[in-house]
Amino acid sequence: MTDSAAARMAWQKEGYSRIPYGVYTDPEVYAEEQQKLFRGPVWSFVGMEQEIQEVGDYRTNYIGETPVIVVRDKDGDVQVMVNRCAHRGNLVCIAREGNASELTCVYHNWRYDLKGNLVNVAFGKGVGNVGGMPDDFDPAQFGLHRLRVETLHGLIFATFSDAALPLRDFLGADMWANLDRVLGRDMELLGTFKQYMPNNWKLYMENVRDSYHASILHMFQATFRINRLSMKGGIRLSDNGWHHISYSIAETDREEAQYNSKVLLSVKDGYLLSDPSLVASWREYDCGTTLAIQSTYPNFVVQQIYNSIALRLCLPKGPEECELMWWVLGSADDTAEQREARIKQSNMVGPGGLISMEDGVVGGWVQRGSKHDPDLTTIVEMGGRDVAPTEEGRATEVSIRGFWKGYRELMGV
Amino acid sequence: MDASRNAPEADDATRCLIENFIVDYAHMVDDDRLEEWPGYFTEACTYRIIDRASHAKGRSIGIMECSSRGMLLDRIKALREANVYEPHFYRHILSGIRIRGEKGGAWLVETSYAVVRTMQEGDISVFSSGKYVDEIVIENGRPLFRSRVIVCDSQRFDTLVVIPI
Amino acid sequence: MDASRNAPEADDATRCLIENFIVDYAHMVDDDRLEEWPGYFTEACTYRIIDRASHAKGRSIGIMECSSRGMLLDRIKALREANVYEPHFYRHILSGIRIRGEKGGAWLVETSYAVVRTMQEGDISVFSSGKYVDEIVIENGRPLFRSRVIVCDSQRFDTLVVIPI
Amino acid sequence: MDASRNAPEADDATRCLIENFIVDYAHMVDDDRLEEWPGYFTEACTYRIIDRASHAKGRSIGIMECSSRGMLLDRIKALREANVYEPHFYRHILSGIRIRGEKGGAWLVETSYAVVRTMQEGDISVFSSGKYVDEIVIENGRPLFRSRVIVCDSQRFDTLVVIPI
Amino acid sequence: MTDSAAARMAWQKEGYSRIPYGVYTDPEVYAEEQQKLFRGPVWSFVGMEQEIQEVGDYRTNYIGETPVIVVRDKDGDVQVMVNRCAHRGNLVCIAREGNASELTCVYHNWRYDLKGNLVNVAFGKGVGNVGGMPDDFDPAQFGLHRLRVETLHGLIFATFSDAALPLRDFLGADMWANLDRVLGRDMELLGTFKQYMPNNWKLYMENVRDSYHASILHMFQATFRINRLSMKGGIRLSDNGWHHISYSIAETDREEAQYNSKVLLSVKDGYLLSDPSLVASWREYDCGTTLAIQSTYPNFVVQQIYNSIALRLCLPKGPEECELMWWVLGSADDTAEQREARIKQSNMVGPGGLISMEDGVVGGWVQRGSKHDPDLTTIVEMGGRDVAPTEEGRATEVSIRGFWKGYRELMGV
Amino acid sequence: MTDSAAARMAWQKEGYSRIPYGVYTDPEVYAEEQQKLFRGPVWSFVGMEQEIQEVGDYRTNYIGETPVIVVRDKDGDVQVMVNRCAHRGNLVCIAREGNASELTCVYHNWRYDLKGNLVNVAFGKGVGNVGGMPDDFDPAQFGLHRLRVETLHGLIFATFSDAALPLRDFLGADMWANLDRVLGRDMELLGTFKQYMPNNWKLYMENVRDSYHASILHMFQATFRINRLSMKGGIRLSDNGWHHISYSIAETDREEAQYNSKVLLSVKDGYLLSDPSLVASWREYDCGTTLAIQSTYPNFVVQQIYNSIALRLCLPKGPEECELMWWVLGSADDTAEQREARIKQSNMVGPGGLISMEDGVVGGWVQRGSKHDPDLTTIVEMGGRDVAPTEEGRATEVSIRGFWKGYRELMGV
């Protein structure tokens, strides 16, 4: 790995608890990530089936920085292809979303079917026997670059790598189970938006896995004395430590009876709110899980905060910028009351989220605070130096260490 | 066809009242007199920030949604006491305040805007552009927003949105 | 000396009519109701986009030149059916609509503008700034542009200009 | 509480006079008719450019401070004959001209602004945003600035400031 | 060439039909182009004599990214010099255009004559015998860097290279002849503007040479059923293949009589236009050439589209941006009717061109589509893999291959 | 130094009079400067004591591009620390200025005292004996990075380097004396602002030391015939040549009597000014010094122009941009008349300065004129090639050579 920029960084000999700041800023490290990590043996989230329901429906997105097309083919299957014409590299799909019976490149009308096969080259036979492609031109060699695809509960994942394990094995049982729990029913897309952040994408992914900061950086609930039901919770990790869930569960106690009902929780807490209906919620899951933040490698997040359900995809946009895409969801059979509660709870998250807006800015502060010392390292030792599940969420950075375990393994450093 | 063409024209006094109201709102935010903000709305109200594409699709969730003056009060209290962010200012540039008609006792008003944001270090950028779609009621001579929907041209928001647009 | 100082002042009704007309034009473009665009002009008309320096030199060619409502119609048909470009929106911010006088039955009006452009991916930028130099005739109570010359401050245009400024 | 709410309202004619005056100032600068600039001020006057934070702290020095029409004349003479800089233009975008009241025979007026700057090579940027805080006297029917304080949102200025804001 | 970034690209062993995408994005390749290509044995267009008619008239421009001054000296000759003061590097001319009897650097008043000779150094002898330049200071060594200049029909070309052939030989007979045909008369400058594009300059130059896309990407004429006179045409190349002309000629046929007249063609076609006068044109050239797009190496274009005559210069502005400068021309003895037709036809070209606006955006799409795969290549094999003239324009990319032939020869890869 | 980018530049074998343009643009050179120069044995100005008068008052600033906190601790001493949390690199102070009893990082509430010692780690002992920091975690190892600090007449200087000489020795007697003269009394902060410039920071520092350009580039005084008292003056340098003062002194002559008075000079000159009060000044210093521009290595400036007193700090913001911070000062016991004169004189300096606005733009012109020839050099030989004091200010570039002497010594090239 001598010519690997990532390997040149000041990694400790082993372990995942000291991260050199250079990995957040170095352009060569960033370029290596595009190849080894985003095109490595991982499954990248690229969109929802709801967004492409009809044959020919497509949306464009990115895997790392590589533009891709997500389209439903004539068999009703989902295809994911690199959005680059085989002729001279033009984007085949320009619009963010649309419907097409074939994928036609506007530059010279090379036409691809919905599986990415090249079906026609304009003037390929020339005009009046003059010009055209050489006789040995083989259209089969010039289809769009098609990726492996798997879907789960409407989530579409794709990978560049033949070495990637099947999605179920890649995620592992616990991760799979949480997706079942949160999304395993008829979901409805309630809203989408994007948030641009002035920091390396990994700083956001650490933040997502960082249960340590939640009760500290975000002062909204403390300020309004929103004392939720007494909780237990902790961190669950996939066996390889790459993926994580941090969760809280309402304990059985005297408030249980009330919360146990499916009706909206009348808010005794949050009494400092002028309008406490803002935080009204109901027990949506029998398990009593009130909060579950899940991240799957490398840059996908599934959020359940009370009844606020959302997906997040963190796209790298250069070494020092990233963009966070949001999909806010509800259940298709929400009552009007439940739907209204979800909408109100949506005020907690996103770029204007009363609870979480700080997550949009803190990464930029770390970027500015640390970029001038690429050889110094963070210390990620809250809760020890290992990578193992725990029943304590607040006093541990274990799932961040899990992220770096995956990073060192994938980047080969 | 432009709706405004055959809309019932408001009289000059009303138009002046509404225009000053919309202008004062912008000055109030830019002057950081945010404690006055909830007072610009009726008790039951709508304050929504949503991007143009989502608005056109009829999505029910944008990036901000307040349905009562109380929620507006809570927003400002959070901004002052709870939320952590880097000091910055907005400068609202309004253009083309147009009264489109009347509905259920409220004037329907549309105004284009651009918000220039200045960070404490001095960076200046166009933070958002779009259109205010308002329903304004006049209660004993005082205009109030029954509904103010900010339809942003962009679906992307830079870093965070804490100061109301 | 500022021409406006000793110009024959239009009466309030006329000024209001003209101001609304210029404002409605901006909303029409920004709302993507471009099929209405040609209707804002007289049958024989001038629609020109030219940069400030070329305008000052009296160059006869800028980047767009339409001399009839038919050409405006063709522009919009091309925009809708022929031209290929990435989806984007304009937001016109107008400032200082000033009636400078009257000439040959048309009101001479000048308005400063900035156009903020938002691309589908969300990038926001100031696409153009400059001044509208208009000749507006009023035909049975309805204002129309006999001439609308867009004098851009910059001689550089980013990528392409398909939506009318 | 917004000062404007209970301010003595200027009558329509006065408001129109003041609004046109403020608008004409912007057109004058953007049209590069700077020789007219000193004529917009009283003989003894204040023209100050200062950033918002310094203004709030009551600092006595910003980046420009003229206390007489003579100093304004000298500024323009220097701009024309002495100072060396790259050709560029401003485009003033004004928003929300509001008369806040009267003091010592002058109308107190506040106006938000953004200045878009275009360099000769074509670069377009938002050069400054902020608020004009004006004291306007009306001398035999002609408004004049007794004081015009430009309160800039940013403390950072790009390269140089030679054209008056 | 081991330390040449361009050489490290994934070039096929020989030939010009597979271009590695890295050449459109790599900063080192870009830097090498500035030296080997823009300062190599080529003639760069820098402006028109009409722009500097009087002695002392100057305009500034760029060769590659190097700023230059184009000035008419006291002998009435055109001089081109690097716009960099020999003292401490300040731009000697700040304004885009002007008139000066000498070129004086504003920083310390070093003065140069209109041929770039250093004629005076302020305080060069010191003040009262104190200070000043050393006695061995030789002003002759500190003139402005003056380039070789040749002009043709008002076009001003300059080169950094002593090895560049005389302009006539550099262009070759066919290229020279077309310039004679289009510009060999008293021309008038009708308009100028600039267009900024989010792509590498070479993507635009390929687009100019790409007759393949013309009838496909640009739908204006098809949409409005503008069926021009039946055409013949093709591609002409200079002997070395570096420069190109793609052309169409009105065939002699039953419409010939009418088109043969010098009066405006009454438009039978374009019947779907609300105002067909938009496409009214007249037979300006006896040869009947209706369209001729010429490009000379590396980044200059001469356009004749019916009666729309224009020059274009594509300036690199970093690896992923470029700026296109336009000069729109007419003949000094146009009739009022002809001038009006030229003005109307100008709506077809430029950033708002009904026919060609797509050329301003497609390069950026290629940039975004291909930049993440620098080691993959385009396939430029329409019409074969060779570099030779042809009678068919639509089904060939031969002139693009010619561009890459010149590129590989100049860059030494 | 083989792997030093700065060493690869086209330096002449010895001497300081030929500067390769590459040092103004090369990103690697820029990165080396951050380490060898800004963190080298120099004292960087970071603010004024007046800005942090009370215990806990702090302001943030930069040394090179590294963010620092300048704070008054509980002992009343000034502390300067790198603004980077030892945990995971967040900026500890976000606001430009404020007051705090402790420095608390908002991300996870690690708390530091005002000397930068880590005093508390949130959940450091875990929650209910679960989680927390490892037993071997030593808070003493995780304080903020504290720098050496010295102050003089309210100026706060800091250094990263143990090798830096004491401030007095670093500056030398002449530099120290001028600071005594100008600032050695109770000063008042009258204004602050910032100016962004499109050029490498060194081009501005050369400009400050460049007395050669003053009467040439800046035409204000000549235009208005502001013929000041006949002057003598010159350049003073520190022994190592790193720091400089260029000065003018009013000679004793027939106007002396008048100027000698402490009252405002009634302006006979500047008769072309419509309002000559703009240039009214008084003899503030017995020595009769009318102008003294002092620069201390690397990027600090103290200005006395008549009665206009200001400090300037030039912060690098990447290879091709810099930001100039201004502190405009007065004396605490100015009379109303004197204060008014200072305010009027402030119109001469800053981004809108009638005399000096050109200094904000000329650096950008040099950047654009020279960046495409990194291997060419300036010629800085006005007044010879050596580094020595002189009685002549206009016809010498000696203090610029002094700057490069310091540069080559610090950068080791």
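Order as written gives the chain letters A, B, C, D, E and F; numbering starts at 1 within each chain.
The criterion applied here is as follows: a contact is a pair of C-beta atoms (placed from the backbone, for glycine too) under 8 Å apart; a residue touches a chain by one contact, two chains touch by 3 or more.
Since the structure is predicted, the reported quantities are computational estimates derived from the model, not experimental observations.
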item: Intersection of the contact lists for chain D and chain F; value: B, E
item: Path length in steps (a step moves to a chain that is touched) from chain A to chain E; value: 1
item: Copies chain F and chain A - interface residue numbers shared by over half, same or different; value: different
item: Pair exhibiting more inter-chain C-beta contacts, A-B or B-D; value: A-B
item: Distance between chain centroids, defined by C-alpha means - chain C, chain E (Å); value: 31
item: Whole-Å separation of chain centres (CA-atom averages), chain A against chain D; value: 49
item: Gap in Å, rounded to a whole number, between the CA centres of chain F and chain B; value: 44
item: Sequence positions of chain E contacting 2 or more other chains; value: 94, 106, 194, 196, 217, 358, 362, 365
item: Touching two or more other chains - residue numbers and ranges from chain B; value: 84, 86, 93, 95, 114, 121-122, 125-126, 155-156
item: Each pair of chains that touches, named by its two labels; value: A-B, A-C, A-E, A-F, B-C, B-D, B-F, C-D, C-E, D-E, D-F, E-F
item: Contact footprint of chain E on chain D as seen in their complex; value: 84, 86-87, 120-122
item: Chain F to chain E touching residues, read off their complex; value: 21, 206, 212-213, 216-217, 358, 362, 365-366, 368-370, 372-373, 376, 378-385, 390-392, 394-396
item: Residues of chain C that touch chain D when the two form their complex; value: 1-2, 4-5, 52, 93, 95-98, 110, 112, 114, 125-131, 153-156
item: Contacting residues of chain D [partner chain C, same complex]; value: 20, 23-24, 26-28, 30, 33, 36, 89, 91-95, 114, 116, 118, 121-126
item: Touching residues on chain F, where the partner in the complex is chain A; value: 34, 64-67, 82-92, 94, 106-109, 122-123, 126-128, 130-134, 137, 142
